[in-house]
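Below: a set of structures, written as structure tokens.
One chain, chain A, links the two complexes that follow: it is found with chain B in the first and with chain C in the second.
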Partner chain A sequence: MSKKRQSLATLDRRTFVKAGGVAALSQVAAPFIISARGETALKIGVDEPLTGTYAAPGKNEVLGCQLAVDELNAKNGILGRKVEMLTEDSTSGDAGTAVQKARKLIERDNVNLLVGNVNSALSQAMAQVSNEKGIMHIVPGGHTDPITGADCKWNVFRVCNTTRMEANAVCGLLFKTYGKKWHFITPDYAFGHTLYQGCEADLKKLGGTVTGNELTPLGTTDFSAYLIKARAANPDVLVVLVQGNDMVNCLKQISQFGIDKQIHVAGTQQELESVEAMPPEARVGVWMFEWYWKQASGTPGLDAFIATVRKHTGGKVPTARNWFGYVTVHAYALACEKAKSIEGKAVAKALGGLELPPEVKLQPNKVYFRGGDHQLMLSAFIGELLQKGDGDPENLFKVNSIVSGDSIAPTVEETGCKMQMPA
Partner chain B sequence: MTADQRKHLAVLAAIWAALLFAPYWMPFFGGYTALGSRVLVLGLGAMSVNFLLGFTGVLSFGHAAWFGLGAYACGLTLKHIALSTPLGLLAGTLVGGVAGALLGALLVRRRGIYFAMVTIAFGQVFYYIAFQWLSLTGGDDGLRGFARQPLDFGLFQIDLLHNDIYFYYFVLFCFAVAVGLMAFILGSPFGRTMIAIRENERRARFLGIPVELHIWIAFALSCFFMAFAGSLYALVNNFADPRMLHYSLSGDFVIMAVMGGMRTFWGPLLGAIVFVVLQDYISSVTVNWMSFIGLLIVLIVLFFPRGFLGMLRPRRTA
Partner chain C sequence: MLELIFFNITNGLIVGAFYALMAIGLSLILNLSGVINFAHGGFLVIGGYLAYVLTPYIGFWGALIVSPFLTAIIGVAVEWLLIRRLYGRDPLYSLLLTFGLAFIIEDGTRQIWGANGLPVSVPPALMSALSSRFFFITGYRMFMVATVAIVVVLLFVLLRHTRVGVRIRAGTLDLETVAALGINVRALRSFNFAVGIFLAGLAGVLAGGQLGLEPTMGDGLLMPSFIAIIVGGVGSLTGTLVGGLLIGVAAGLTAVVFPSASDAVMYVIMAIVLLVRPRGLFGEEGMLT
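For the complex of A and B:
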């Protein structure tokens, strides 16, 4: 009994001393933190894939953001405040990690703008976090429709195309050039699902048929089973919707199997990162780029942008992903200047309807954020892949036409977006 | 005896004091409240794995399945059935725990590597179900569209969603209840038989202990704890995705338990702290953070096979 009492007494004393110590410490802590807040720069938190199948596009979007941040800091920052950029690796397909990193950027680092992600599913998951916290969020490169459609949010904007816009941009041309029986290889997550739906709808409208749809998990390296099934279905066109390293692996295997000799190979979205990683014989088909560096001379600001990117990448030309990141940060800065505020709701209002100036849009057509669904109306560059660089080793795409975003985008009503600003 | 007890109580007091005041001292070391909540939840998960691994001597490599089932059940309850955080937790714990208990009955006759293999297989079954059942779970995109709800006490409400510190204390309360229950079970005669089975299964059998039944009960209990941790994790992120059921997460829990000291009660929590905090810090600096964790594990297994806490223990327990 006495033993027990003694030990309880020890517990009390120790707890008391420790608790007292910690409580004393916390007294010092609170003012320390608050004093630090006033001096902080304006923070942009970038949560993008730096590892895995989307590492290349992810890093390029980060570089684009960084270039814009450098340009802003060289002038007046944003509203006279310096801009600081924090980067986190979201991984390519692990939504849990992306959510965690988004929370870290918002809760620990108090970022003013959240940027991300290449992966559609991760973008959607992050949008839920940014919306819960009421933080401005720009999605540079996640394409799935609901982000600026059924799931649109007052604080979320998107730079890249929707999957529906991508489908609308090329399906007509594919149908006309290659034929009406299509077989799909689709990544099994949000992006693939909505892109497939878009293509299927367009194809049905044109009077074509789908011979099959192979759903492949993100990060698939061996496509042989899917390709054998696709070949057996004997379609006119094999439409490849997978992206990143998955696209590289898939097209490599297509050319190894010689499928491109029997069936036309094409797709919707294609990227310079993937094309450069492919062997020349795998560079086949009709595709769309969301931005392309080789344009008619005289496009304002384009040469300077190419030169800056070349300087940072050891001579490589800018890709669409560089441009997405670049536009993301500049659009946010322009909206802040227009609103004369960094308060979320004011910035969101200013960004809706904002038209990009020539030195940011870097292309001929009008480029602007639609106020109704917060989707950027950007052009689609439609053309064919080249096996060998034309003029420049990195000019691997022949642009046939540049179609304005307005002409391929569904209307705001059709997207299903009902934008609601918070009270 | 007294000195030992006194030391034990002092350690306990220190642990609880540190946990209780975590939101106030963590910012000094670059921590933040949400990180604290995550450490507690994953720590509870690692302790649940250790309940089986360290105290019954049975290695499950599929425990993430119960963790993830708990998370999905909790999320789906909040999304479709009722806007109540406690109900979500209850549903998550029951679904994950009952699934674990049922499948556990098929497992108890296997031992060692065979047991571990079958647990991986069962775990992956649930992973693929979550991945493929698009309409219910959202597939690879994960389950969104639910959020933790305020605790309603009639007279007043506690806002768990917008106040991180309230939520931390809510998680700490849940953690304390679960850990208290775990300690109570381990201190009971049943807990003693678990250790007897770990030490010498044949001898335990000759003593008349129904070994299979006891392993099954231990497995089922551990699944309930795990599912509880999983439900809490769904609330931490307001999100669930199939990777929460994947065997690589089961591996992470085993790593936390082994790193912290798998025969000690608090070891897995320490392992979880090291694992989660290292991941949080290093992954901001370099994308190769896994290499550093890997290096640490190699060093620990080579030089301190009993983990952090194991090496602090006096030799007499060796």
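For the complex of A and C:
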């Protein structure tokens, strides 16, 4: 290499590195951190997966939070104080990172509310930190039972269903319409384990049998070996409990193998994020959504919510994850207003038992936080997937019934929660 | 039970063939350039998404051919801009570089096409299963295996019977001598890198039809490919092919008896191979020192 070319190469590399540095800085600075609006701003720290397998639901929950923050700031903020939102990437499955980010938000940024996580295991890990620090913490979308059950904490509230509520919402219906021999495909971590336990208990109570439970590692791409086994067991229903991309891959292979033509395919939790990522032929079965955008016309606030989300997502309709985030921030704001304080214990007391107003709950039934375990009693939208959009290309689910949270939730005693409020 | 085992062996071969396709591309690059390409899964994702963009214009079949070529062009650009500068240094440098690249590609994909997955439909002719008994042998999976077989044969012909192929093989064994004989090693490495990335792009298009597209889809497929190389033996493409098939079958069989260990069994096989025969089943001693 000649001298001239060598220097050219060095120059290129330097320029490149500088450019990269600028790009990296702008990444950190621009998108997520809103610059402080005076010293009195109230801070909400959002610790959610922005990368990895749960990036899609994670980002949708963050968007929901952001929309609520915008609405609050457009009015009176919270107790007259502006609301500032700080977002951190918890990763999709690394509890160490999620905890480190939670600590950073609490210790360095002094947030008043910690929000997160999509992943059940990360939610639990974060709850340890928030509890130790005595900071209000709302879990928008981590479903495993103990969060508002055996491990419930005075400062931790949950918006999405518990896995037990999901099982109760669907199992009776599946048993009645499809049959009593069930085979499960279950994700092998906290969420999957408690969801399976719930379904198994319900099925046994109804008098059915489990022909097998395939525990699949999170991030499984090829489900063929499990599907071969499931079909050989000859069940009446194949119950798919995996989520996210795993759900997409699994249902896609089920439809390619034609299993849905031989065995009823169903599951508990289904999400619009997953359904939109599937080709039409894979959209099969009976499921529940935790919130669905297509409802009876005249539901207060619904049209405005849909329009706002569409504006931010380039035309996409809101998903349950958007709604979780939206409810999380609004519920916290309502509790602060009710308590006339932002002090953790006072807010926690106010949030227990708080009923969501129509323009926040965006659905027919009564929706409220139960005081005994801090679990939101939200409705289950039960129905069937549609291969082609009905009326709207994004209307991919036919809701047959909207069941109230009260009717599917176990009692506080049954959850195993012994809530101890600090003195 | 016997039928179940037979089904899973067949199924494992199908899955393994796909691992092998990824692994052979990785192996080519590793053998000649000493680069452990952690961004291989990223190039797979690029191949898949490019096919998604191209399909409305040129159809699935057109995209199947064009997308891997475009991916290879991007690969050569990356090699030329970044990876080339680290040849001859400790493999750790290029490993770190490609590790970072993998993240950049994943997040770049997310920026461009969104975090949510995108649906991919395969041509209707390939959609149905062979028979209701052999429901897991679908037209598309047979097509994937056939594609892998054709690619492997073509690659072996290229390496055995063309001048550039012979040079690549010679370079794998002794790059210095090859360079001393007046062969342009830079160009040779670029070409070799392009072939490897072409295979990654092809794997991406095929995987898109099977799984659907999603920015992290490369992650789950990359580790089995590395394991296939280690089990088969660094330096041997035959070994890589056999390694891929072997771990595919092993994972399938494990799923019959102990499903939650079907991922772990690949690592167990790797550990056993490393303990008993560190060079791998078909590897030559001292290939990667």
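To be clear about the criterion, the second predicted complex is superposed on the first by the 384 of 423 C-alpha atoms of A that agree within 3 Å, B and C clash if a C-alpha of one lies under 4 Å from a C-alpha of the other, contacts with A are read in each partner's own complex, and residues count from 1 in each chain.
Simple rule for what comes next: contacts are C-beta pairs under 8 Å (C-beta built on N, C-alpha and C of every residue); 3 or more make two chains touch, one makes a residue touch a chain.
This one's a predicted model, so the numbers in the text were calculated from it and none came from an experiment.
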item: Touched partner set for A:227, first chain B, second chain C, both or neither; value: second
item: Touching partner for A:99 - first (chain B), second (chain C), both, neither; value: first
item: Contacts of A:375 with chain B and chain C, given as first, second, both or neither; value: neither
item: Partner chain in contact with A:89 - chain B first, chain C second, else both or neither; value: first
item: Partner chain(s) touched by A:188 [first = chain B, second = chain C, both, neither]; value: both
item: First, second, both or neither for A:328, with chain B first and chain C second; value: neither
item: First, second, both or neither for A:51, with chain B first and chain C second; value: both
item: First, second, both or neither for A:217, with chain B first and chain C second; value: both
item: First (chain B), second (chain C), both or neither touched by A:124; value: first
item: Shared chain A contacts, counted only where both chain B and chain C touch the same residue; value: 50-51, 188, 217
item: List of chain C residues in touch with chain A within their complex; value: 3-4, 7-8, 11-12, 14-15, 85, 106-107, 110, 114-122, 127-129, 132, 135-136, 138, 140-141, 207, 210-217, 219-221, 251-252, 255-256, 259-260, 262-263
item: In the complex, chain A residues that touch chain C; value: 9, 13, 50-53, 55-56, 58-59, 188, 214-217, 219-222, 224-229, 231-232, 245, 248-249, 252-253, 256-259, 262, 273-274, 276-282
item: List of chain B residues in touch with chain A within their complex; value: 1-2, 5-6, 9-10, 12-14, 16-18, 20-21, 24-25, 27-28, 30-35, 38, 131, 134, 139-142, 144-145, 147, 161, 164, 237-239, 241, 243-244, 280, 283-284, 287
item: Interfacial residue positions of chain A with respect to chain B in the complex; value: 3, 6-8, 10-11, 14-15, 18-19, 22-23, 25-26, 29, 33, 50-51, 86, 88-89, 93-96, 99-101, 103-104, 107-108, 120-121, 124-125, 128-129, 132, 188-190, 193, 217-218
